[in-house]
Amino acid sequence: MTRIRLGMVGGGNDAFIGGVHRIASRIDDRFELVAGALSSTPEKSAASAQALGIPRSYGSLEEMARAEAARDDGIEAVSIVTPNHVHAAAAKAFLAHGIHVICDKPLTSTMDDAIALEAAVKDAEALFILTHNYTGYPMIRQAREMIAAGDLGEVRIVQAEYPQDWLTSPMENAGLKQAEWRTDPARSGAGGSIGDIGTHAHNLACFVSGLRVESLAADLQSFGAGRTLDDNAHMMLRFEGGARGMLWSSQVAPGNENALKLRIYGEKGGLEWAQEDPNYLWFTPHGEPKRLLTRNGAGATEASQAVSRIPGGHPEGYLEGFATIYNEAADAIRATQNGTDRAKAMGILPGISAGIDGMRFITACVTSSAGNAAWTTL
Amino acid sequence: MTRIRLGMVGGGNDAFIGGVHRIASRIDDRFELVAGALSSTPEKSAASAQALGIPRSYGSLEEMARAEAARDDGIEAVSIVTPNHVHAAAAKAFLAHGIHVICDKPLTSTMDDAIALEAAVKDAEALFILTHNYTGYPMIRQAREMIAAGDLGEVRIVQAEYPQDWLTSPMENAGLKQAEWRTDPARSGAGGSIGDIGTHAHNLACFVSGLRVESLAADLQSFGAGRTLDDNAHMMLRFEGGARGMLWSSQVAPGNENALKLRIYGEKGGLEWAQEDPNYLWFTPHGEPKRLLTRNGAGATEASQAVSRIPGGHPEGYLEGFATIYNEAADAIRATQNGTDRAKAMGILPGISAGIDGMRFITACVTSSAGNAAWTTL
Amino acid sequence: MTRIRLGMVGGGNDAFIGGVHRIASRIDDRFELVAGALSSTPEKSAASAQALGIPRSYGSLEEMARAEAARDDGIEAVSIVTPNHVHAAAAKAFLAHGIHVICDKPLTSTMDDAIALEAAVKDAEALFILTHNYTGYPMIRQAREMIAAGDLGEVRIVQAEYPQDWLTSPMENAGLKQAEWRTDPARSGAGGSIGDIGTHAHNLACFVSGLRVESLAADLQSFGAGRTLDDNAHMMLRFEGGARGMLWSSQVAPGNENALKLRIYGEKGGLEWAQEDPNYLWFTPHGEPKRLLTRNGAGATEASQAVSRIPGGHPEGYLEGFATIYNEAADAIRATQNGTDRAKAMGILPGISAGIDGMRFITACVTSSAGNAAWTTL
Amino acid sequence: MTRIRLGMVGGGNDAFIGGVHRIASRIDDRFELVAGALSSTPEKSAASAQALGIPRSYGSLEEMARAEAARDDGIEAVSIVTPNHVHAAAAKAFLAHGIHVICDKPLTSTMDDAIALEAAVKDAEALFILTHNYTGYPMIRQAREMIAAGDLGEVRIVQAEYPQDWLTSPMENAGLKQAEWRTDPARSGAGGSIGDIGTHAHNLACFVSGLRVESLAADLQSFGAGRTLDDNAHMMLRFEGGARGMLWSSQVAPGNENALKLRIYGEKGGLEWAQEDPNYLWFTPHGEPKRLLTRNGAGATEASQAVSRIPGGHPEGYLEGFATIYNEAADAIRATQNGTDRAKAMGILPGISAGIDGMRFITACVTSSAGNAAWTTL
């Protein structure tokens, strides 16, 4: 077993998501973090790298891409964990040097950036992986597998929601850095809650149901005084094939920490899953008692067992679900290095097309809402 | 204490809701059921009346209204528990004789009927009470009181849902009487799930939030093969004053028995309530831990205590909530008989205006959906 | 259908359990409350009777027994809802006149009283029913039926608990009448929490498992300052046939309102039920996913459906479970009146032997604890 | 930041707990696993080491201790993850060379071994850390802190339970290695369920309450046919200072995966925590509504925040709790290396005395049960 040499762009000091990526990359021991351009200045970057025990620090991502590509023992992959508006440039810089990219979501802050990046990914020889981490939860894998196996029959209804409460008060005016950039169109893009968390709900609904959203009718709101981007979004969904759904994302719903929830109903049964209690999956075959399926418990399917680390009743959490994306990214990178076709190597890993779907989702939400919730094609 | 003499129209043999009304009328011992026109034929009616120990049975509601009005000890009030399309005629017949009406919801099967009934109620000297029974739950009363008291600050978001699963399969073709008339436009009116249960969700959302729905954008579906009326409905709501919401009603969501749920969020806090666990109310003051308020437990307010019968931890249920409507109807009837103004006697009891609101809701849903989910004023 | 004429002893003014019995007797419309000796003085009794609309009031229970027995339309049955120490004398007085007795639990306040009452019941022609109301819950009936049917295989483990918190603070010194008599040995007997609620847990554990407790080792505590009777009790149980168990009753466990809970495990499966959420029953066939069985939902058995009034998802509660005891008492009384053998008429209704078992349980707890938790035979 | 060089004894191939230790050691990036004696033969060990990417493999633990102690870059600490009967010898071997020991629980398989190891630890200069991993859960830390701060007032009642179901059927006869050694007295010691999981419940009850168990009365059972060790244990507890409790451990309770649960009640409030939903802590100040405290949510205390990695609503699980023990072990090791007194360096980390307490607990259980549940001092 040889670990993949990994670099990181962004993720210095107090950034939440950078730390998550680092832990996720370690859990299954497939990566070794050896280089970083962690902050906006060379000094801050170096300080962060030293504190984290990362051997090589760079002053800019471009310098890092060049220098690492030139080394025999240079990084094989890079994690991009910057604010959204930097994703595209960073990803292109590393892909151009054949370095595999693991990028946080949403894909970019503008549709133009997204399309340019899509072209770059198509031309690249390296892989592009988007960390739609919630797809890594074992019970999400099981739900997807059960639906694909026909356990629900034809899917009729998809109810997705992702309420949070952290922007109920105007935290962006209280010096909270997370709140500042996430409510700033220049750094986040056109989507507020829809970009930050709505994209997760949209992605997960599609990943699990196996369906694509054809069109949506959205009503976006900014309840926070002086807020430009949406902090609450209501929408109705029409899926290819006739299923219908609703999606609610909110950052102003007190009592909801990170309450991503997915419920899918078909002609033969229903499934319900909640991110905050991720080791459970409720399954009701129509006309039979509700069952509480558990991770690695009785009734666990192959797809969920494959991404479980420990026995049922020993809860795995957010970091383990995230780590599964990294673990599968490692598999994919090694497979590519061994000559496997890129598409095949990716398997069900979220990549550029999931990213483009997410950008289309954001764009459609904004367009629809501007048109008084007119149905808008994705 | 003298019990109110009560009659009943509909509710013979295997009718679900008739039995519910009878139990509800007994729980607090305010009514005595003394007359009935329980079924479609005099023979069936008489048989049901005898089986139920009801002294006087009539062959038709009109006969009953006339005859009871003529007796010194005739009924003072009547419960109407027929299918929807009979409500209007039955209510008018009794109101015309000064007999108070307690009517099941929705108000009528057509808007025309509703308007005619509204006029009849306005002209009558007797009361018209619509059994929006879910408003009788103690924790619903508490939620309403807390919001009115400002515990949530200004309300921003109202999420209402009412999924069931009993029509997932085509039960109307399997001889289930309940399913037959509830899926039949001639007897139910223009609304399927929206009329049967969506009206409850709409009524409850308004009752608790203290807000009116200004307009809605609805997408109705009929997933059951050959079904004319909606069995699933998605909609977005705009409330007077700027709050926004979503409402989902469904009869085809496997795993949901009677899962009416209401969540309301304001700038200062959030409330969550689920009908299947009605003795609980989740309250989160923003920035503080979530609290599980219980019926008659610590934190119970005056409004919930007033309609609780037994101590916390001893669960009250659906029948008790329903009984509260009857108990308050008894208060209102006695108050009216003692000269209290009708509006004052009604207090917060749902009456004709709640019924009209419900009909407008159904109509708006159908209109909006026919217009591809165009925003439609109620 | 003719209603059974019912009297009541105790239950005046603010008594909690009297009101419960009255509602329970009304819900299924099998009784008509026509006479009462509701309070300790004729004046108070008469005032309560008038307030409740009860036609005949008596100054004492003995007078009531005599007078009602002498009337053609006298009461057929009587509900005894006094403090424990009055149960025996009251029951004997009515049984002596052939009036059926429905008595609150525990049976009596002393073992001597219990034995004397047992003899009186044996000699009487009327029925004696003890309102172990928790046996009336539909899902308790289902649990019992499933175990009898072998769904758990041989039962190994029975975990019963009944924590409350209302005596955490010394409410008996704060003027709370309920707390006064329940902490007073003269009125409650030798058991505090074990008599008031431990007997319920013991009764339910046996009722559901179909097993008898052979011996127990108990450690009783009185945490409340100056309290004589136990307010917390821990014990281990040995059942006939080899099953083992634990039982915990407490009135000083903050956060527990009325948290009676029963868990039973056998070689083939497990069942879990909680009184505060009584419409649910968790069932795990060993090696299969956990199932959430619901009252009148999918998987409901005959025994639970027989005592359900309304569809699944429409919660029934404490009062309905209590009403089932009354409903079955009505059946038993009518059957006896029609010549059915008393034992057969009683069916699974709790009667004198359940009461004696409860008294033995209390006695064994006190004896064992006095002997430093020595194993004590019931 | 320099990582601590770590070795591992045991944990080859399919061992559950070895993998857990490895992940736990990586999560916070404080250790580097560089050497191992992972299996019973040099060949197997080498194969496992290679598969895991561990540079140095040894044929025996003794060889490893000697060789690593002799290297400049030898391991600083070792994780011992063998079956229980090997713990003592392994720990002594490494302590003798000044190598810090992180040992799985229970301490040893015999009391003699435990006492000998205690002496060795006392004489050693290196630290001995016992992975009572459940003490690493953030909400457990918070519960402990709240009790120490007096939020419950004086503790009265401690209810601990740890039911599982994996030995309901005789898995030890079905070739399951885990089941084989855990039901074998020669490898596990005198305790079955009490050693494997009862010790966790005992440890946690004491850790959180801040109290020591003075004596216990235990009733152990072996329900599995042919099983020597207990697979179910009931016991009553008496704590120093007057608090009382119960403890239930079981491996034969169908429907319980790993259902460790702790409930503590004092004169001012109650706390409830369940391992399978570890990010929640229920807190009821007596007379106030129940609160659902969440990890890193509103109401999180310093002690829980200190061991949380990610925001509330992003569930951390078993591996993160385990990792906290490793993280704090790293702190302790570095502190010791920097001259801090061993006791001070250990802080609240479980060490030899927790291990001895656990052994005394097992011994007392066996002794008490053999004496028909006589009260036995720990």
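A, B, C and D are the chain letters, set down in written order, and residue numbers restart from 1 in every chain.
Criterion: a residue touches a chain if its C-beta (ideal position, glycine included) is under 8 Å from a C-beta of that chain, and two chains touch if they have at least 3 such contacts.
None of the values given here were measured: they were computed from a predicted structure.
Q: State the smallest step count from chain B to chain C, taking one step as a move to a touching chain.
A: Graph distance in the chain contact network comes out at 1.
Q: Using each chain's Cα centroid, which is most distant from the centroid of chain D?
A: With centres defined by C-alpha atoms, farthest from chain D sits B.
Q: Just how far, in Å, is the C-alpha centre of chain D from the one of chain B?
A: 55
Q: Return the distance between the CA-based centres of chain A and chain D, expressed in whole Å.
A: 35
Q: With centres defined as the mean C-alpha position, give me the chain C-chain D separation in Å.
A: Roughly 43 Å, centre to centre.
Q: Residues of chain B touching 2+ other chains?
A: 256, 283, 287, 290, 294, 297
Q: For chain C, which residues count as touching chain A in their complex?
A: Those in contact with chain A are residues 283, 287-294, 297-299.
Q: Provide the residue numbers of chain A that touch chain B in the complex, in ascending order.
A: 152, 156-157, 159, 165, 168-169, 217, 219, 221, 223, 232, 234-236, 238, 244-246, 248, 250, 252-256, 263, 265-270, 272, 282-287, 290, 372-373, 375
Q: Any idea which chain B residues touch chain C in the complex?
A: Listed in rising order, the residues are 1-3, 16, 19-20, 22-23, 26-29, 50-53, 164, 256-259, 275-279, 294, 297, 309-320.
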